[in-house]
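Shared between the two complexes below is chain A, which pairs with chain B and chain C, respectively.
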Partner chain A sequence: MDMKRDYYEDIQLLDSKVLWFWFIMLIASLVTLPFLLPNYHIYMVNYMAINVIVTVGLNILVGYTGQISLGHAGFFAIGAYGTVLLMTNLHFPFLLALICGGLIAAFFGFILGLPALRLEGPYLAIATLGFGMAITQVIGRWQVFGGRMGLEVPDLSLGPFVIDTDRQLYFVVVTIAFLLILAARNLMKTRVGRAFIAIRDSDIAAETMGVNLTLYKTLAFAVSAFYAGVAGGLFAFLLGFINPSTFNFILSIYFLAFVIVGGLGSIFGSIMGGVVMTWLMLTLDKVQELPYIGAVLVSFSDSWMNVAGLPNISSVIFGLIIILLVVFEPLGLYGFWIRTKIYWKTWPF
Partner chain B sequence: MFLQLVVSGISFGSLYALIALAMVIIYKTSEVPNFGQGEMAMISTFVAFTLLVTHGYSFVVSFIGAFIFAAALGIFLEFVFLRRAKDPNILSLILITLGFEMVLYGLASWKWGADQRNFPFPVSDFDVIHLGSAVISYLNIATLLITLLLMFMLFLFFRYTKVGIAMKATQQNAMAARINGIRTNRILSITWALSSMIGAVAGMLLAPIATLDPNLMLEPLLKGFAAAVLGGMTTLVGAALGGYILGVLENLFGGYVSLEFKSIVAFLIIVLVLCFKPSGLFAKHYVRKV
Partner chain C sequence: MTNNNLFSVDQLTIRFGGLTAVDRVSFRVEPGSIFSIIGPNGAGKTTIFNCISGLYKPDSGSIIFKGEDIVGQKPHRIARKGIARTFQNIELFSRMTTMENLMLGRHIHMKTNVWTGATFFRRGSKAAQEEIKHRERVEEIIDLLDLQSARNQFVGGLPYGTQKLIELGRALALEPELLLLDEPSAGMNSEEKQDLIFWIKDIQDELGLTILLIEHDMKMVMDISDLILVINFGKQITEGKPEGIQKHPEVLKAYLGEDEVIA
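This part shows the complex of A and B:
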């Protein structure tokens, strides 16, 4: 919208005083939020922050680099199990374990990125799908990972602070999410980010311009997997208990749905997508408690479907949302936001 | 031991071959891997189950009912969702099939829950015949025969019927086919119906071996993809052979190396094939232009 006159204007984090004002307001509200909200909502906000991390990471891969991944639940699982096992078996401190968990996930992402060099579109989707399923299988069968029974998550302490409530966890999760989002946003303004976008627009053209495809495609996978791994590590502490069935194929599609809903190729969109969809997901889990709609759905299930299976309605709704967005609004919430903004800026024209 | 593993591998392989065939038929016409394939087959199997057990119809009626349902489902997906996509690229088509997959999975879990059901089948899994040192059940033999019969019918269909030839023409060059008077949109719908019915056969043959629940086809879907990738996503014969090879390899791995990690064979095969021969064992290599 506004013209950028030189490079430094382009890479600025926030380009006007108004934006700085809102940015500071955002930080202030994030800090005061946990003291105002009830406990369940804190849990929900933590969940949102974790999903936002995954969504931003996945968006780097899908939205910016144009590579599809149907195996992000696999990286999420690697991060979760990696962090927990490093803490219980090797007694790593929390932050170090979290970063190592993320790096292990990134390493797997790098490995998975290697075949991606030769693949595109459908083949890549199939290979990543296979990866996600293979990870869940291995974790479920191997005793080191607790098998089908899963693992107990150790107590969390950060230096002198012991963190055992959702409210304390909030500060850890939200701080990490904030830093990672900032990092992603800055990454996209650098040489690396521009290389990713060039690969998305046409990988052959990018290669002729001197973009090293091997390096940048595997890097995109690794960065994206790192985000998923860190989010997985945090998720383990949110749940307090992890088992393989949490990280199934459906979860990978949920992550993809977050990205689509937020808008491909937009960090701000990913934040919106993660927040809105997590809210929707947690609400739909208890859909029968909703006013009006809940009662209608229960009676509908009673006569046509099955009341016990009602929470599965979230799959149906997520699926429909994916389809409808792809057909009608490929840019997702971000596209919607941009159009609303332009509409009001130019009103009444 | 070896013979036994090979024999049961072939019987599983024929199921993978069916799923792979269903996918390849779609992939050749629409250039989209159908991630909803497994769930479409699962729901069709549930329809057969409902007709059979809840309403007490005979096998013939229930199976025909399920096939009609499967065909309708395929046409529905193509007509209502895929055709509506504005300027579709491969990512958005994949996403639509994924969305459809989730809708079907959700609906099936909503309606039938997570209970495991036994799917009755006219041929028993417990009566066996001995084949040298190997044992093979009647159900396995039936699976094998039905698959082979179906493949033969597909061959005849693509070779000798007008619709089959029109389908091949559409796959090769949609524009030229349309100029020659083929209604490619209608052919596309028929293709989806055909593929969905083949998938339904796979589902109904698998259900008596496994137990019928909404997760029935999650893993076989991956196996079907692996088989299709192994044989080549663009050849019908290759995909079928890929299914058999995958079935046998997987069983041998399970028997000699490790039973626990049997299910990652499919993934390893996908990765290895894609690394060394991306177009599959039996397909011609294709180079993309800018």
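This part shows the complex of A and C:
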């Protein structure tokens, strides 16, 4: 028998003093972090937090509800353009514009969710892929969206605070990421999240138990798109300038890779996936600068793997890491985490 | 038709291509009784269940539940009216715990939506209060079916017999008026079957449920059924009390083959 004394503990975030301690430590370190890091690293952490938001949202759809999406760059773009345009054209305050951007993305998620009711697996993958690509095409051709030239992102202010450095943006991005992660975790512990998971494990049983498949499948799309939309809105301010090619379909595939590398059906896994993969993405670009190995790798890539005449060794290594991770740990980084935890619990036996 | 008519099926027919899987089947179930459907493999028993729970849409005929024709309604609507079922091949949510599986059975009785679900941060929050309330209700079912040891385990790894019981528990958590059990004893050993018979009777007595049962274990069927419907090749052969069914010539023919062949 376990030691649970009441049912609230089943769903409580922090059910022991130890967890409370670590939770407070986490908040404290998140608050002090930007004062310890150099500027470029703060930019990287912001990038990570944004990717974590998308990954958590996409995991709700892919990992928890069992539906696939290769079009999340589309929702990301809708959130980014929505937020920026609402601020420049309609003079919405930042937070309101961000939420509305997310809601517009959610609305498109709902629309895309409707055909998804009849599509599964590879068919759904292609339908969502088409959606993601269509969005960038539409944005690229429409003057309201700045066309191929893109849009200048307006100045950012929150009430009396003007946010113009990465360090200031850090507090906005990380706070929002933090809240959205908690929200996702809560959602998965209660009625709606259970219905999502039930649909993944057995949609027939779920619907005969009273779960409205139409409602919950489209809802999963909408919630997931909302996360991607909010992340897109934040991303616009990280870059300061957005154009359609930022949101190409490779980005959608990266998002899916974050989810799978982090671990399907795990919020904590998604956090790890977003953080680690963003770090890899940004760091591998500099692989050529490594002493000795860098030069060798580049010449190897130039003579054997070069198709377009561009140095592509970083993509090759990135792909290799994904393959190895998935082969050796199908549960992703979350699987590593679980095994490490068990190891330390039983150490030294 | 009498007024206390809870559930009846009239002239139910469904075809798959050229095959008439269920052919003009009619029956009526008295409230609080156990009604069994038996027949050889492929007779159309599970197809009838799938029509009742809305997974299949019959070609003709009606299914009346509490005075309303439920043919053509979506499965989740039918569940909300008070019909729950189990499956022949277990359809549990394998990567959820027993508790969570049963909590899903409470889905239609709960109200938490995306917003209230995502934003509970205190014990007093609406979503948290609702969770607590329904977990207490689920605990009663766990106690009733003796599932305490499986409570917080993922159901995918549990023994077959336990999984069958959890499915029964999940159906009970919905608090149905009509319970459809599709071969609940399949894959159980004789001891587990004895327990199951006990539980089904217990459920009928304590909760006053009406039970529709598909079962291959004749001893169990004869033991607990009030009425038995026999079907073969989608057609109903006969209907009656257990004693009569056992000796019915048509039933013997369906199960054992033609007389001439044997003689």
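Here is the rule we use: the second predicted complex is superposed on the first by the 308 of 349 C-alpha atoms of A that agree within 3 Å, B and C clash if a C-alpha of one lies under 4 Å from a C-alpha of the other, contacts with A are read in each partner's own complex, and residues count from 1 in each chain.
Everything that follows uses one rule, which is that contacts are C-beta pairs under 8 Å (C-beta built on N, C-alpha and C of every residue); 3 or more make two chains touch, one makes a residue touch a chain.
Computed from a predicted structure; not experimentally measured.
Among chain B and chain C, the chain that touches a larger number of residues in chain A is B. After overlaying the two complexes on the shared chain, residue contacts for A:W142 are found with chain B alone; chain C is out of touch. Once chain A of one complex is fitted onto chain A of the other, the partner contacts of A:P330 are limited to chain B, with no touch recorded for chain C. Judged by the touch definition given at the top, the superposed model places A:L36 against neither chain B nor chain C.
Of the two partner chains placed by the overlay, neither chain B nor chain C lies in contact with A:V18. Look at A:E207: by the touch rule set out above, it reaches chain C but stays clear of chain B.
When the shared chain is aligned, chain B comes close enough to touch A:L256, but chain C does not.
The contact surfaces that chain B and chain C form on chain A in the two complexes overlap at residues 202, 204-205. Considering their complex, residues 2, 6-8, 10-13, 182-184, 186-187, 189-195, 197-198, 200-202, 204-213, 219, 223, 265 of chain A touch chain C. By the touch criterion given at the top, residues 27, 31-33, 35, 81, 84-86, 90-92, 94-96, 98-107, 109-114, 218-219, 222, 225-226, 229, 233, 260-261, 263-264, 266-268, 270-271, 274-275, 278, 288, 290 of chain B touch chain A in their complex. Here chain A touches chain B in the complex through residues 62, 66, 68, 70, 114-115, 118-123, 125-127, 129-131, 133-134, 137-138, 141-142, 202, 204-205, 249-250, 253, 256-257, 260, 301, 304-306, 308-310, 312-323, 326-327, 330, going by the rule given at the top.
The part of chain C that touches chain A in the complex is made up of residues 53-55, 74-76, 78-80, 84-85, 87, 91-96, 99-100, 103-105, 107-108, 110-114, 117-121, 123, 127-128, 130-132, 135-136, 152, 170-171, 174.
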